[in-house]
């Protein structure tokens, strides 16, 4: 899936990429366009993320099957040197872009968050490091069972 | 340790507390307190706290009534079943599947015969039973109904058993945990026919 | 007035493990109450400082769960250091709280 | 979404004889739930209400401008530590058994001058409002974390409460003939849909009735107490509604908590 995105978003690197790379509070303004994007691809485009390389140095810990989609715990650790930000996309949510987490020198590139997940979906993470983008994803299944009362 | 002993003593029977009143007295006192402390909400009126003879007997005998008591009461329950006037017991299994999936109805915010969302009452069947093969989130309080008709045959006798059991489970097993859907006016005749079809129509996924 | 956050910062070696609970409805703008849609109401930005120097920042959406929980880690922290966290929501409401880094327990 | 439970496993189920497949995957699913339940419990939003409840307990409030620091939860005026794990218990001043929330409400009325009618008007949490007694009982409960449940059974009224609570637990009524015991008094590992039903009558599993309450409920993101949970049980039983902090609820809580005696309370928890 990412492959197709790569080609489409390739041209936007120069224009938007630089915005993300400042160490802290790079997202000086809350990125309305990215948060209103209806697809992961459009969200990435708005954030200037392009050409992310698959990376096994991004570790995503999230439930295979979540007990309640209202509160899905997600841990992301980036083992990529020079990581400056971690962005999270819940692909099947109405607005997939869920947030970006920025780390200054000294902060360990790790974040724990809890998100609403509407239906079973890949959770995609994009890491910015050294002017490049890296990505990994993990599938989360959502269940809501229980009595009819 | 001391507490455990006390808990065991108290749990063993209603011995300690009810020596003055006897077990039946404790039950009566509990019911009196519930009737004092509960308030009606919408269709959930106070008469719901008045036990009928089946509920009372099942409480009295801890859901394990002596055979003669069970036989007498079951006979009365069976006699109260209203069979469809047109003699047809099978409705539409597709509708039956929807009714089996739905679990709402008869509670505080619901309307007579309708849920608060305006749907007809559900049968909550999947809450307790395995039924169609597509639903894996089924409960296990009741027996599996998968292949109900296929296993028992599609005779009119089995159809009658299925319809009757849905209408009044207590006519067949006095202290069954299953609600009496017809007896309590929770489901309509058509809904019970649809559920019977879900179990008994050879075309129903239940019987594939 | 927004309710206080609960922040915990515990040293593990020279890394402070910071965990924060925030009281916020995080309304998605989809939920209905008494037939009316409850408008979007959610935290948009979070910043964290160590002794006044910014170490962590986040921009988030309404998809973060109600009463948000976050954890992050700050290297080079010492017992007694101050961790301060500020959030700001889409209505302009904001809340800041701080805590002191505690040593290994 | 409701019956999407384990829908992702449909493929696996179709491939294998599905009863066995279902049993296996069900254990796996529960193990996964447990694992992440622990993650969620590590930072539980319930703590936000502990903080708020503590503030409410200690601040002079109400028409009488009094704090709750003279409230007797059974261990003496103002003693909060360990009180929750030893309730419900008999209180001579009201000549009845009270659970923690009932006692807190009693103290709010007698010490602070609040009116029962006002407190009982909307006693349960919504998305936008957590009633004060819910925050306070969360604070009080947190002060029993790590302690063993030990509701006293020494007073005759406490033993009577257990016996009456047991009757209420087993009472079959309403249009669907349900009792609490219809779901929570069953032997064997029964389920409703995929929800396991612990047997509260069995001391081995009874702890499940009271553990993790008060609890932060992920659905809706609200804080709820046992008062709410037991009231909702009666709704699901299709019975009328018990009055807030009524004796009936304290009696039922006595039965449930005594059955869990000796088991360790882990403090306010997190619920599905």
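Which chain is which? They are A, B, C and D, in the order written, and residues in each are numbered from 1.
The definition used in the following text is that contacts are C-beta pairs under 8 Å (C-beta built on N, C-alpha and C of every residue); 3 or more make two chains touch, one makes a residue touch a chain.
Everything quoted here is computed from the prediction, not taken from an experiment.
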{"item": "Set of chains adjacent to chain A and to chain B", "value": "D"}
{"item": "Contact-richer chain pair [C-D vs A-C]", "value": "A-C"}
{"item": "Most widely separated chain from chain A, with each centre as the mean of CA atoms", "value": "B"}
{"item": "Averaged-CA centre spacing for the pair chain D and chain B, given as whole angstrom", "value": "26"}
{"item": "Computed distance of Cα centres, chain C from chain A, in Å", "value": "19"}
{"item": "Chain A-chain D separation of Cα centroids, rounded to whole Å", "value": "37"}
{"item": "Interface hub residues of chain B, defined as touching at least two other chains", "value": "107, 127, 137"}
{"item": "Chain D: positions in contact with at least two other chains", "value": "3, 5-7, 43, 192-195, 218, 220-221, 235-236"}
{"item": "Residues of chain C touching at least two other chains", "value": "19, 65-66, 69, 71"}
{"item": "Residue numbers on chain B that touch chain D, as the complex places them", "value": "3-4, 6-7, 9-11, 14, 16-18, 26-27, 29-31, 33-34, 36-41, 44-46, 48-51, 54-55, 58-59, 62, 101, 106-108, 126-128, 133-141, 170, 177, 179-180, 184-186"}
{"item": "Footprint of chain A on chain D - complex, ascending", "value": "1-8, 29, 32-33, 35-37, 39-40, 43, 192-195, 218-221, 232, 235-236, 272"}
{"item": "Parts of chain A lying in touch with chain D, wherever the complex brings them together", "value": "63-71, 73, 112, 114, 118-120, 141-147, 149"}
{"item": "Chain D to chain C touching residues, read off their complex", "value": "42-45, 47-48, 51-52, 126-128, 216, 218, 220-221"}
{"item": "Residue numbers on chain A that touch chain C, as the complex places them", "value": "24-25, 27, 30-31, 35, 70-72, 90, 93, 95, 97-104, 106-108, 110-117"}
